[in-house]
């Protein structure tokens, strides 16, 4: 596998995930080259990141109209390792790699049922205050949720 | 061309459009069968319907957060006449076929640069009151906008 | 519920489905009006129709590069009954309503976990010969698969 | 603006683009947070990259069924600088930042009509031989096309 700056040891890195969400590649997600279009992993990353946040217990707040904060994506990246095809079942693994004051660096791994990695990625999310437009520091409760076993495997 | 219940005479029907919006088929809108995926015309219909509403001058109100009404799609349909391919430039024509108290039946035509129709469609929109969730009757101003030359050709 | 030409009795019609596929509304499938965008049911229809074909046992042929036939969508329609929101789990039910020589009229029902219908639809598919571009008649095997208990109840 | 590893001086970097393609944010590309969904820039990158390749004159080969090579995305990333909203007209600028044996590192800039950058990105493409699945070295003609004024300013 080629080098990606955010993965120092692929096997260790893969072992650190404890949360995953399953997706199946839709027909409408393929393109005329016969494989999954390259824009699609970002859709899977979003879906899986939200499931991860739900599992941790704080997506619920963010989608309330009355919430004063929303999570905003600061950056996203994806490295494509293998071509992926229609109908494939993929596990999209998510972990919180690093926690900032009001942000979190999430890592992603898309792998086949046989464990083979197809694409990897990462991206930073910021908790934004809707009114000020500035980052809103994580609460103690949020910080401890991010550090739960679900989030980062020992 | 096969029969569609909402078109009695294809040539007359095509001549009645005076508004159109151009789209180009994206690579990500194709699928592994090598043509434009069948879910895509509905994206084009929405984009072109909104351009049509902008040209008539009332999309602006609907997208204001303070607006008490929003347009909601009641139904949509599309008949596929020809396969469409990556990179094709299409004219998406829109007209207001029939005006109800709080709804409008819109007709759509997707055609090639040479005038050949590729898909046709229709769908009813309802102006909904956000608070009551009920249909909100068109104002006199809206009714006259719908009857402008842009909307229905003579 | 408002009238749709293809449903004579809503309760009977709903009872006739025996196949369904579950989807969850993605965040990227919502729009700025706060609900599922109106183009999305067609994505669900395609995904569920393919799962239906897989269950019947003939999607496998169509996606082989060597297949001489592909299924093509002739028309599609959707009636929106209820607004649908982010994160909702929906059952997308599919049945073969009527079988033509080389086509099939499929019916669709999208319903909430509590059984409430949110949107309904239908659309005709044609089995096309890749080389001639004409409809290819269903084989006896295909016809009997369509008439299996999975496809049409009773 | 925050630091991105692939931009040393933002103003210089922005000045180096000479190709751009215009897009308008679709309603279906917004999400319930009221802005353009974060998966959408990757769709714009693909569309604009292909227009860039067309302008250079070699997309035409790649989409021929008989072509022995296809361009494949090796990685993609996007940094989000500003929230973007429905209906905004954006210029998506593309340039070839660095040419490898069979790959090219493309840079992307999405900016408003007033010149304000909204998102930036990059990604490496590889020209793949369909039969061997390996990278296929750029021809001399392709190399000189990449070095044309359209591709890299001065």
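Lettered A, B, C and D in written order, each chain numbered from 1.
In this text, a contact is a pair of C-beta atoms (placed from the backbone, for glycine too) under 8 Å apart; a residue touches a chain by one contact, two chains touch by 3 or more.
For reference, the UniProt names are A, B, C, D = Acyl-CoA thioester hydrolase.
Treat the numbers as computed from the prediction; the structure is a model and nothing was measured.
J.: Going by the touch criterion at the top, tell me which pair is linked by more C-beta contacts: A-C or B-C.
T.: Result of the comparison of A-C and B-C: B-C.
J.: At the place where copies subunit A (Acyl-CoA thioester hydrolase) and subunit B (Acyl-CoA thioester hydrolase) touch, is the share of residue numbers found on both sides over half (same) or under half (different)?
T.: same
J.: Which chain's centre, taken as the mean of its Cα atoms, is farthest from the centre of subunit C (Acyl-CoA thioester hydrolase)?
T.: Greatest centre separation from subunit C (Acyl-CoA thioester hydrolase) goes to chain D.
J.: From the mean C-alpha coordinate of subunit A (Acyl-CoA thioester hydrolase) to that of subunit C (Acyl-CoA thioester hydrolase), what's the distance rounded to whole Å?
T.: 31
J.: Using mean CA coordinates as chain centres, what's the subunit A (Acyl-CoA thioester hydrolase)-subunit B (Acyl-CoA thioester hydrolase) distance in Å?
T.: Whole-Å distance between the two chain centres: 36.
J.: For subunit B (Acyl-CoA thioester hydrolase) and subunit C (Acyl-CoA thioester hydrolase), what's the span in angstrom between their mean Cα positions?
T.: That gives a centre separation of 23 Å.
J.: Where in subunit B (Acyl-CoA thioester hydrolase) do residues touch two or more other chains at once?
T.: In subunit B (Acyl-CoA thioester hydrolase), 27-28, 32, 37, 39, 43, 46, 63, 86 touch at least two other chains.
J.: Classify the chain contact graph as line, ring, star, complete or other.
T.: Contact pattern: complete, every chain touching every other.
J.: In their complex, what parts of subunit D (Acyl-CoA thioester hydrolase) are in touch with subunit A (Acyl-CoA thioester hydrolase)?
T.: That would be residues 2, 4-5, 32-33, 37-39, 42-43, 46, 63, 70, 72-80, 83 of subunit D (Acyl-CoA thioester hydrolase).
J.: Taking the touch rule as given, give the residues of subunit A (Acyl-CoA thioester hydrolase) at its contact with subunit C (Acyl-CoA thioester hydrolase) in the complex, in rising order.
T.: Interface residues on the subunit A (Acyl-CoA thioester hydrolase) side: 26-28, 43, 46-47, 50, 63, 86-87.
J.: So in the complex, which bits of subunit B (Acyl-CoA thioester hydrolase) are touching subunit A (Acyl-CoA thioester hydrolase)?
T.: 27-28, 30-32, 34-35, 37, 39, 86
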